[in-house]
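Below are two complexes that have subunit A in common, paired first with subunit B and then with subunit C.
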Partner chain A sequence: MDRTDQGRGAFAVSTTTQDRGTLAVSTTAVATRINIAREYSRFPAGRYRTDGPYSGERFRDEVLVPALRRGGQVEVELDGTAGYGSSFLEEAFGGLIRKHVLSVTEAADRIRLVTSDDSLESEIRGYMQR
Partner chain B sequence: MAKNRKAQAKRRRHLWRERKRHLHRVVRKRLQCEQRAIARGQIPARLTRTPRIYAPSVFDLAQATHRTELLRMLGSLRELVGLRNLPVAIDFSRVTKMWPSGTLLFLAEIKRLIWITKGLRRISCRRVHDRKVNQVLHQIGFYQAIRRTSKVEPTAEDVIHWRALSGTGAEGDKAGELVETVGGRLPEALNTPMYNGLVEAMTNCKQHAYIRDRGDRLKIRGRGEWWMFAQEHLGKLSVVFCDLGIGIPNSLPLTQGAGPVRDLLARIGRMTGVTGDADFIRAAVELGRSRSGEPHRGKGLQDVVDVIDASANGALQIFSNAGCYTYRVRDGKSSPDYSDFKESIMGTLIQWTVPIKAEEPLP
Partner chain C sequence: MNCCGPSWIGQAITWVLICLGWMVVNIQHNRRETRKEVRAALLELYKHLDGIEEAAFTYHTEDGDVAVGRRIKRDLLQIAPRIVMARRGGAAYAYAKPLGAFRRAITIENFDTAQFAAKSPNAPIFDDITAAKRDLIVALESGYLHTFK
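Showing the complex of A and B:
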């Protein structure tokens, strides 16, 4: 998402119906693919909306939850950003469990994380297990 | 010869007495003038002159004497400009060294006072004798902040690499800008941890630092303001971040609850006896490591520490109120250290110091 889209409040999310049943652990089809750097911000930061323009709360509510509501598996591409603060990740992914959007099992099954950084994936998985 | 010397000494004594008498006469006359002005209902010129505050010789927070002098000056500035709404001239004639920690705190206080006085020209500066100090003041935006025209062109190698930024709340683009600016000089493995550390410091600042007024009698609560800059010196890169909030020792019990903080202090063995500000910083760092307290919050300081863990040689200093937490990593071995000073900086300042990668200049 570029700066001109900031005020619109909606994000473009690429939607595909590619079947990854034979490759991924889960047998759920990948319905939506989200590339955070391209479709949200290269500089995600902050926990709540009040913290800053590209917060974890906003990402969860405006990008992740609508994608999950469409059903199927959601693939989140994490590479390409400058980094992620813990509070962004906790609010975006841990918040799904805390706000009862998904159960711990559903989260493990329906959210597929794509990153070259293994520690980042295990950190997010950790937030989604509490 | 002896007679000559005696005569000369007598003459000198005479001249000294004459000079003293003359000065007494001048002072007496001036006082009489002032008394007459007061009788006429006017304010004497001496009392309307801009008060002058002398900046300390070294701007630093880590060394006790320099820290005391700097904080005394900042206290005077708050008193005169913030509370009494008086114009003040800062005299820089004694300043010889400006270290990042002290300089950033000074700049932050100045910008806050300018914000409080709604941009009125209350702060000016005098006698910047040291050429490098002059360049630093220009480079960090001090002259621009006090609206003084400056024709200084920074040329010193350890000045031109200073980058100053400020903002409110979690502005990831600014953290990214700083990391990208210095990124070419940082070891690659440090870029992401540095960004994460900076945005978490910004988030903490928005969520915890300004939940109450900082107790400096100005009764003004910030909205999440932070200031930061990067400086390159002697093969090391220092990134400094600061807020002028209530400090970790005050915010920790408010945001995590008194119970969990008490447990944490007990865990680090500081329940008995007087607990200093450094113990609270230590408790906050431990909270980040253990992810305890309020289950989904309080891990931010861990990102701040991770920057140093990612470097083979580096140091982190967290100054918060009167406490100081130092964390050094040398050849992969880490060593934390805690200390308390007498005076509070009335806020939190984080300084990362890491070795730079190569000697090529910044773009």
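Showing the complex of A and C:
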């Protein structure tokens, strides 16, 4: 089942229910997909809201955290933007741990990163392990 | 038929040896060409990294120009595809961590921020950027040497 949830704030986030078989753990049964370029901005920049309209803090608070609160695994697609600064990535993903939204283990289990650039995933995983 | 067997056997052996020789030379030639192409791609990539380092210096020492910042992010984004292009011939590069460290050295602090503060040319951030670039180049060279030497 695919549905686009556009009524939960400024950003559209697609939610997909995936049948993972009888052994599937319920918390990972529903995957919310977030394509940053399409659903947030092609030009994400800055750490804090004061740094610009598409900051890491705003992405975390208005897109990522609501998606995580819906439960299940959240898949974040990183390709398609005009690039990322580490300040954005650290605030958006590392901030989940720092602000106690997720534990390190939960972050590893519930956030799936999709990108053709291995270094982005490696860097973000590093921020979520601190 | 003479005392050493039919003459066609000798001719067949000769042709087999000729074909094998040609195959070996062809494989070696292709390998050499691939090595040259990969070397050229890596050298281009190193120039690209130098360009990013220079842009980072400009960005951090001057006024934190948004356009320069965008160019840096765009150029950083182009590194991974360029490395993929240099993967010919079975070459593999452990680039993820050093590339992440390079991006981090340039953009983790004082970047895309309303609190921008121009750095002096001898600020530690530039040493970090140069060291991260060097580590990335070492990782790429290691992959190259492992594959082609």
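Operating definition for what follows: the second predicted complex is superposed on the first by the 111 of 130 C-alpha atoms of A that agree within 3 Å, B and C clash if a C-alpha of one lies under 4 Å from a C-alpha of the other, contacts with A are read in each partner's own complex, and residues count from 1 in each chain.
Throughout what follows, a residue touches a chain if its C-beta (ideal position, glycine included) is under 8 Å from a C-beta of that chain, and two chains touch if they have at least 3 such contacts.
All values reported here derive from a predicted model rather than from experimental measurement.
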item: Clash or fit, subunit B versus subunit C on superposed subunit A; value: clash
item: First, second, both or neither for A:Glu121, with subunit B first and subunit C second; value: second
item: Which of subunit B and subunit C A:Phe43 touches, first, second, both or neither; value: both
item: First, second, both or neither for A:His100, with subunit B first and subunit C second; value: neither
item: Partner chain(s) touched by A:Gly52 [first = subunit B, second = subunit C, both, neither]; value: both
item: Partner chain(s) touched by A:Phe88 [first = subunit B, second = subunit C, both, neither]; value: both
item: Superposition clash, subunit B versus subunit C, among 5-13, 41-49, 131-139 or 311-319; value: 311-319
item: Doubly contacted residues of subunit A, that is, touched by subunit B and again by subunit C; value: 43, 45-48, 50-52, 82-88, 90, 117
item: Contact footprint of subunit C on subunit A as seen in their complex; value: 43, 45-48, 50-52, 81-88, 90, 116-123, 126
item: Subunit B-facing residues of subunit A, complex; value: 41-48, 50-55, 82-88, 90-91, 94-95, 98, 117, 127, 130
item: Subunit B residues touching subunit A - in the complex, by the definition given at the top; value: 169-173, 175-176, 179-180, 191-193, 195-196, 199-200, 202-203, 206-207, 224, 295-297, 299-300, 302-303
item: Contact footprint of subunit A on subunit C as seen in their complex; value: 69-70, 72-77, 79-81, 95-97, 99-100, 103-104, 106-109, 111-114
